[in-house]
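Next come two complexes built around chain A: one with chain B, the other with chain C.
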Partner chain A sequence: MGEERAGRDSRVMTPAPLARHILSLADTKRLLGIRYSDWLLGSPSIETGIAASSMSQDEWGHARLLYAMLKRLGFDPFEVEHERPAARYYSAPALDRPFADWAHFVAAVVVVDGALSVALESFADGKFALARSRVPKMLAEEEYHRRFGAAWFSRLAAAGGEGAARLRDSAGAMLPTTLAWLLPADTVHDTLVADGHVWPEDRVRDRCRRRVGDTLATAGIDLDAVEPARAGWDPERRRGPGAPGEEAVERARGDLNRDLFVE
Partner chain B sequence: MRTGLDEGVYEVFARKSRGEPLRHIGYIDAPGDELARVYAWKTYDEENWFEMCVVPRGAVIPVNRVEGPWAKNVPEETPGS
Partner chain C sequence: MAELTRSAVPGEARRSAVRRRRSLATILAAQPAPAVHASGGRDQWSAPLDEAPADKEAALRDALGEVQDPELPISLLDLGLVYGVGFDGGTARVDLTFTATACPCMDFIKQDVRDRIGLEPWVDAVEINEVWDPPWTTARMTDEGRRKLGRFGVSA
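Then we have the complex of A and B:
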């Protein structure tokens, strides 16, 4: 239990490989849930807003389950969920800022949510017992996110014009950092692969290609031609430079209702 | 199959268990069959449904009542009948 806690004190964590991986998945889901929730109102139809709301709830529920796994590794989930500043978040860089428009939202469902699901498939197939038992239900719920993303992405791409151009630009901007997030090229991640906790890179790439390759192609994007953006890689936070906006992190931590927490 | 940008109405049917008959639980607007499946599942998620189906409103043919939401689907009568 103590092995994964290396370097932790009350506020600053330097988690070992498995904890870093879980924290990265959990923080990305929590931020994705916040970004989805921004579109409960203002999406193209009532049904679309309801779907965005439901997907947001899914992401927050999944994040909660993932944070809870850290307890098994010796971390205090309350502290992890509610005490960290933005600079200590491990979320994918594509979620650092709000989605600018609906095309940006749809691109994120395909690119970021898709990458998360591939990462979870890999984790559920590994040696960590909690992932094997808890992640499959998440993946079943994620299947509706995949259908939503594929249908909307293809629809906007086929419509052409400004919507298709914005979709292509948004997806193109997210892909390099998200691929780097999905495929960390560092020794910490190599340890996870060697220990059988996650798939090796070629298997992840293949699964990613099968999950989102055809969808991205409808907007003229060739996934195989995208290079991961690894400049400025922070091996501790398992991501590139930057951090999510403070406003989003305040919401993630629940700062406004801190005095009302009942755990 | 609807594939354009126009929204269509889909009727939603569901049942909670294998032996229960499908019942009409509502409707949703969707621009295509695939999104209709997602919207229905995400909108009517208050139960742990065993089975859910969507049917384009345009595919429902009324039998005895020719007014109401499916009025325009009443087929033309066969000449001489």
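Then we have the complex of A and C:
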């Protein structure tokens, strides 16, 4: 475990590539769950609110299993989950702020959740045993997210008007940073590929195109024309500049109920 | 029907609801608070075996067959959540999965498994191994499990 953990204190250390990759997936899942949960109330219908709640539950379940993988690499999962400041979160930048409206939510289901699922497919196909055994269950649950996102995205796009415009704007704004998150051009990624933990970039791109390309095209978005936004890339946190809002991270860490933890 | 008639008068309906709530609160207050978590079906657990069985793994499966899912009135075995059992040097091992990665009943289920198997005097310790491979689907349920759920109006 020592080779994956560079120091005793995960708050100040630089984790090795595999641990950084898991943190990137887990933190994105955790933040996505929070953003989904905001729409349990206020979405277009009771049914969509329940869907948002269910997907939020899934994301947090996946995050829990991913954080637990870090234990195998010598980390204290409690410390990683509950004691890091926002500036040390590895989550995708598209989740730094709350979703503005339902169109923003739907765009995130397709773009961010879709990218996460592609990243998980790649990880499940690699040589890390825990990923091979745990991620397929996550992907089975994600299939419902994919269907929900594709159906709502196509519906809003077909309806035209203000809804379609907001959908296009939201998806267009989050695609460049999310593609950069999914396709990191850094030495950490090179190491992960060389070690057989994830697919090379061209295979990830192809899988991403097949998973969300047709759905995005219903809103007139050409995935192949989108350039990853790599300016300000932070190889330590494997994401672009910025950090999730402190309010969301306080919820993710469970600050208010710290004294009531029963784990 | 009398309740429906009264509900036509909003003020009276509210007062009626308050009365019902107070009545429920009174009933609940009269119940002793459980000292530990206790999910459904514990009253149907068998008494522990008097002697250590020859086939301990079969005995463990029998015991697990009495542990119900907290949300559905069927056993973990009928749900197909038990992927394996083992017994070594006094320690019982249960390979257990869950229907969903964020199953809200995980801790309840684990506690029930520990408590039921822990009843057996020939078991010194219970080790639960959480597994996710292969992923659980309804295809892992037993026919008996499907029949039981069907009786409660749930198809699987």
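Heads up, the rule we're going with is that the second predicted complex is superposed on the first by the 260 of 263 C-alpha atoms of A that agree within 3 Å, B and C clash if a C-alpha of one lies under 4 Å from a C-alpha of the other, contacts with A are read in each partner's own complex, and residues count from 1 in each chain.
Operating definition for what follows: a residue touches a chain if its C-beta (ideal position, glycine included) is under 8 Å from a C-beta of that chain, and two chains touch if they have at least 3 such contacts.
These numbers were taken from a predicted model, which means no experiment stands behind them.
In the superposition on chain A, A:A173 contacts neither chain B nor chain C.
Contact with neither chain B nor chain C is seen for A:A229 once the two complexes are overlaid on the shared chain. Using the contact criterion defined above for the overlaid structures, shared-chain residue A:A150 touches chain B, although it does not reach chain C. Shared-chain residue A:E47: touches chain B; no touch with chain C. By the document's definition of touching, of the two partners only chain C reaches A:K137; chain B does not.
Judged by the touch definition given at the top, the superposed model places A:V188 against neither chain B nor chain C. Using the contact criterion defined above for the overlaid structures, shared-chain residue A:M55 touches chain B, although it does not reach chain C.
No residue of chain A is contacted both by chain B in one complex and by chain C in the other.
Residues of chain A touching chain C in their complex: 57-58, 60-62, 64-65, 132-134, 136-138, 140-141.
Partner chain B is touched in their complex by these residues of chain A: 45-48, 50-51, 54-55, 144, 147-148, 150-152, 155, 158-159. By the touch criterion given at the top, residues 100-104, 131-137 of chain C touch chain A in their complex. Remark: chain B residues 3, 5, 7, 28-32, 34-35, 37-39, 41-43, 45 touch chain A in the complex.
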